[in-house]
Amino acid sequence: MILAEATPLSHHLATWLAGLLGMQPNWLFSAVGALLVATVILLIVVTPVGLGGVYLERKLAGRMQNRRGPNRVGPYGLLQAVADGVKLLAKEDILQRGADSPLFRFAPYLVFLAAFAGFVVLPFAPGVIAADLDVGLFYFLALIALETVGIVMAGWSSNNKWSLLGAMREVAQVVSYELPLGLAAMCPALAAGSLSLVAITDYQAGPIWNWLLIRHGYWAIAMVPAFLLFYTAGLAAAKRAPFDLPEAESELTAGFHTEYSGMRFGMFFLPEYAMMLSLSAVASALFLGGYHDPLGLSAPGGAFEGAWWWGFLWFFLKTTFLFLSQIVLRWTLPRIRIDQVMYLCYKVLLPIGMGCLVLSAALRLLG
Amino acid sequence: MTTIQGVRLDEGERAAPTLPRDILTEELVFNMGPQHPSTHGVLRVVLRTDGEVVREAQPLIGNLHRCCEKILESLTYVQGLPYVDRMDYLGALNMEMGLVLSVEKAAAVEVPKRAQYLRVILCEINRVISHLFAAGQFGLDMGAFTPFLYMFREREEGLTLLNEVTGGRLLYHYIRYGGVTRDVSDDWKRKCIAWCDQVAAHMDEYNNLLTYNHIFLNRTVGVAIIDRETALRYGATGPILRAAGVPRDLRKDMPYSCYEDFDFKVPVGPHDKGVVGDSWNRHRQRLLEIEESLKIIRQAITKLPAGDVSNPKVTRGWKAPEGEAYVASEAPRGEISCYFVSDGGKAPYRARMRGPSFYNISLLSETSRGLLIGDLIALMGSIDITLGECDR
Amino acid sequence: MTPAEALRSALPDAVEEATDAFVRVKAEKVVEAARVLREKCGAEMLHQISGVDRPPDKMEVVYHFARLKPAAFLCLKVSVPRSNPVVPTLANEWASANWGERETWDLLGIRFSGHPHPYRILLPEDWEGHPLRKDYAYPVEYHGVDCVE
Amino acid sequence: MTEATRPGRPSYMPPPERFDPEVEQTILLTKAEWLVDWSRKSALWPLGFGLACCAIEMISTAMTKFDISRFGAEVFRATPRQADVMIVAGTVTHKMAPRVQRLWDQMADPKWVIAMGACTVGGGPYFKYGYHVVKGVDKVVPVDIYLPGCPPRPEALLEAIMRLQELVEARSKRLNGKDPGYTPPEKGSRQAKKDGLSPVEPWETAKAHKFDDAKKKTEEDEAKAKAAAAAAKKAAAPAAGAEGASGAPAAPKPERPARPPKPPETPEGGA
């Protein structure tokens, strides 16, 4: 109900449905509306996100490596990721001897859920959001921890030592990197005075110097390091190179998903891209003005105030830029060793994060 | 006493018990390979680890034992040559050199000067190709995928060059007793020089992308040090030995096949970063050796004398007279040598091939103690083994 | 000092045959001979261990040592009876002898007494016979997989 | 869900039953089959598994110049669970054969095998004197595509991939009636195998799971052990030779066919 009330889209849907049936909108319609929105988001956003991410990654990797990348399946190989998905669905699902069956089966769902549930709080455009939670940012950070639980379950239940090692690395890495990630995310929240992603985005309405990254010039002192920190810690939280240790192929064969086959593997494969994308989206909402354009046309009083397509375009551009930069990084950098990952987190990123937070607080007090 | 398929894993030297008594810790025994992305083939390593720290790594070989020596004893001289190619499939021409030099010395076969130069040119091209592959593969082990493809770009060009002369992309069967099979054209020589320029021009690219990458340096500098004594004790040769500071290169020390005619340096560790004998130095060593090899190729092509490319006395049914010889030569991975014994029969009586990887990988168990698993990968990648010659 | 001179002076009763190319010593003295080569002739590396089957009654183990400066190979030979081929191990002196001797045992069936780990290295542990012997009989099948057509 | 290690696993796709052709072409089922086969052929993920020389050419195929990723097959999986096609690239030895078989066992259905190179096709250059070389990987795993060459060029591997795609697609093409001149081949015939419609599933023909009972003593071994024991007894008690001869009748020493007499016995085992 709270979800439905907070969401204009689902609220409209509920009213429309009730009107269709000639009844007063009550909580049942609200719930149905919210569910419908969630389903639509899952269909329209999530599937293309996963598949498109895979396609982009393979194509871009090919381009970086003087190759062509997939180009036989569909025009420009566009259907490649679809073929992968259908193939994974039709593949045998193996439960190996010695595996902890319930955990083994449940882990991929948990990871999938955790990665895609983050989309609920993403402000895609003005008014286009599944649920504008007051604690949206907090909710998002909490989901990253939930994903870790799924991965540990997968690694433990596989009864495979490589999986176990991968899961242990995942715990060590992601739990540690949540600290700098949270600290970096707190800086914009502090500046905007809210944990709601919509509120933070709207705080940055107006021309480009209103964006938190370079807000009024002097905010850049705190926000540029915080942004880089968020980006780096985000890479680690999404297990992307150079922090892809939990599934480091040359070390742990396939890490925590060594024993998974078929669609269960696909459920580890797609969330990785979802996680990358949602982290990019949150980064753009926190620091780069989210759905606001650099000229201030979407700001109150601007030409495109409240135009969802205009906002979505800018949100999409910013997010895709960050997403692609993650892919480029992955295909450029070697992998960091596990002790260096820990060193980087606790001795480099964490102090920087604290510094950023203190600076932001000071700026908030002064300005 | 833990025993895994006949391999005894020594107990003892357990980690000092720093944890409280009620936390139960246990050492893990991993089976790495034969199918593992960074064992470079079918090497199997049994690891005993304490979490991420390797307590013991026991390499187990033999999964690619292809009976090379028995086959050499069973087939005639000329028939046996292709099998030597298949020992080190990345540096096949250098493997041929290993056998042919011994047989030629034992049988006192004259090799025309032009053939000797051609051997040098093609062997050095092969060495460059092999080192490019090794360096790229090392990057791949460290998680950097793209440099590998960049190095493969030049490698493919080099393969095309070799293909044009020998007819094979990977395995050549080009060097024969008393010479080589085919001559090269002027056009090929021009292409070869152009290729040398191309590789030399791209060295900076590799260095920027991989060798001096900050993460790569952090991963490899000071990691898995193989010092001079260890290398000598285990018979490790080639880039490992030179990176450990021993200026031993058979092309300089015991010149064969006219290597004394060329002016080149032997790079010796430590190089500009890291400490002597660490993983980074072994990687850098290979890249520096590529540059020296390019120098040799350029000189050999300029100085290439006219004349025949094979000794007409060595015919199809040629046999070596009774005798024996031991000649070693410098292959990309170390010293390839052959203890050749002939009893005058149609086949060698005994042709004992020394695979450099066999000795190089044997030091894994001693060097790997106390490394992290990621470092073990760095060690294995920088040793750069080929299982074909390790198991023969 | 050539290996022949060094060995003749240090171990006069061990040397069976000495030429420029190689020195043949008694099997039980091979460890001492190898030590002499290391101390007097600068043999720093055991380059290669080869076994040669010489039917009907003899087998040879050939050690090639490498001297670094000036570069040279020093060759030491040992003959053992084919009926009971046993040679003392060098594995405690040179680490490279460890695997080399295991391989010689594996392929030729020459035993090295005192070896820390005297098992097959290339072939599986339950393989029959030693392939590089001249009278080796090719296997017909191994664990259910045919070896001949 | 099936257990991975269970031998004689049922086929991932049962042999197609022949319906009335009209029904076959109209119902949705066949269309779905087409979709599944299309996706399988378009996303053949190989197992990143190199054995010897051919592996280098396999890597070359994935690299810039040849670029197997055009076919969507550059996703070399390090774990057999996620791979579709095992490219056996290089010589399979007797020591390696159980592992190759095990990897094949660990792969999830549907799965295919490309035997790359002369060694895996039939022993290749090691056919005669290679005592430790398995003469063809089809002795341990079922092979779908044989790719000769020593080593095959990357172009050849690309063709093998394309042939495999045809093979994968063949079944649904037949089902969808895309091939009007098609009559179902005779059961178990050569043509049936070629069409990928063989009622004899590949794993039925494979000599699978022989390694499991490696320790199991065959009758032959038992007889041999008995003979050895008798001989040892004889040697230990020469005085009781007569008794030994009468008590334990000389068990005929089982000679393997085509094997010359054994060399003089040497003491085995470590020092």
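Just so it is clear, A, B, C and D label the chains in written order, and each chain counts residues from 1 on its own.
The criterion applied here is as follows: a residue touches a chain if its C-beta (ideal position, glycine included) is under 8 Å from a C-beta of that chain, and two chains touch if they have at least 3 such contacts.
These figures come from a predicted structure and were not determined experimentally.
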- Item | Pair joined by more contacting C-beta pairs (A-D or A-B) | A-D
- Item | Gap in Å, rounded to a whole number, between the CA centres of chain B and chain A | 45
- Item | chain A-chain C separation of Cα centroids, rounded to whole Å | 63
- Query: If you average the CA atoms of chain C and of chain D, how many Å lie between those two points?
  - Reply: 39
- Query: So which stretches of chain A touch two or more other chains?
  - Reply: 65-67, 249, 253
- Task: At least two other chains touched by the same residue of chain D: list those residues.
- Result: 63-64, 78, 95, 131-132
- Message: Please output the residue numbers of chain B that touch at least 2 other chains, ranges allowed.
- Response: 36-37, 62, 65, 67, 70, 149, 153
- Query: Graph of touching chains, which shape: line, ring, star, complete, other?
  - Reply: other
- Name the touching chain pairs, would you? A-B, A-D, B-C, B-D, C-D
- Item | Footprint of chain D on chain A - complex, ascending | 58, 62, 65-73, 77, 79-80, 82-87, 90-97, 249, 253-254, 257-262, 265
- Query: Mind pulling up the chain D residues that touch chain C in the complex?
  - Reply: 94-95, 97-98, 131-132, 134-135, 139-140, 207, 210-211, 214, 256-260, 262-264, 266-267, 269-271
- Item | Touch list for chain B against partner chain A, complex | 28, 30, 36-38, 51-52, 139-146, 149-150, 153, 209-210, 213, 215-216, 218-219, 372-375, 377
- Along chain D, where are the residues that touch chain A in the complex? 1-5, 12, 35-36, 38-40, 42-43, 63-64, 67, 69-72, 74-75, 77-79, 81-82, 84, 106, 108-110
- Item | Residues on chain C engaged by chain B in the complex (per definition of touch) | 21, 44-48, 50-53, 62, 64, 66, 68-73, 75, 94-96, 98-100, 103, 107, 117, 119-125, 131-132, 136
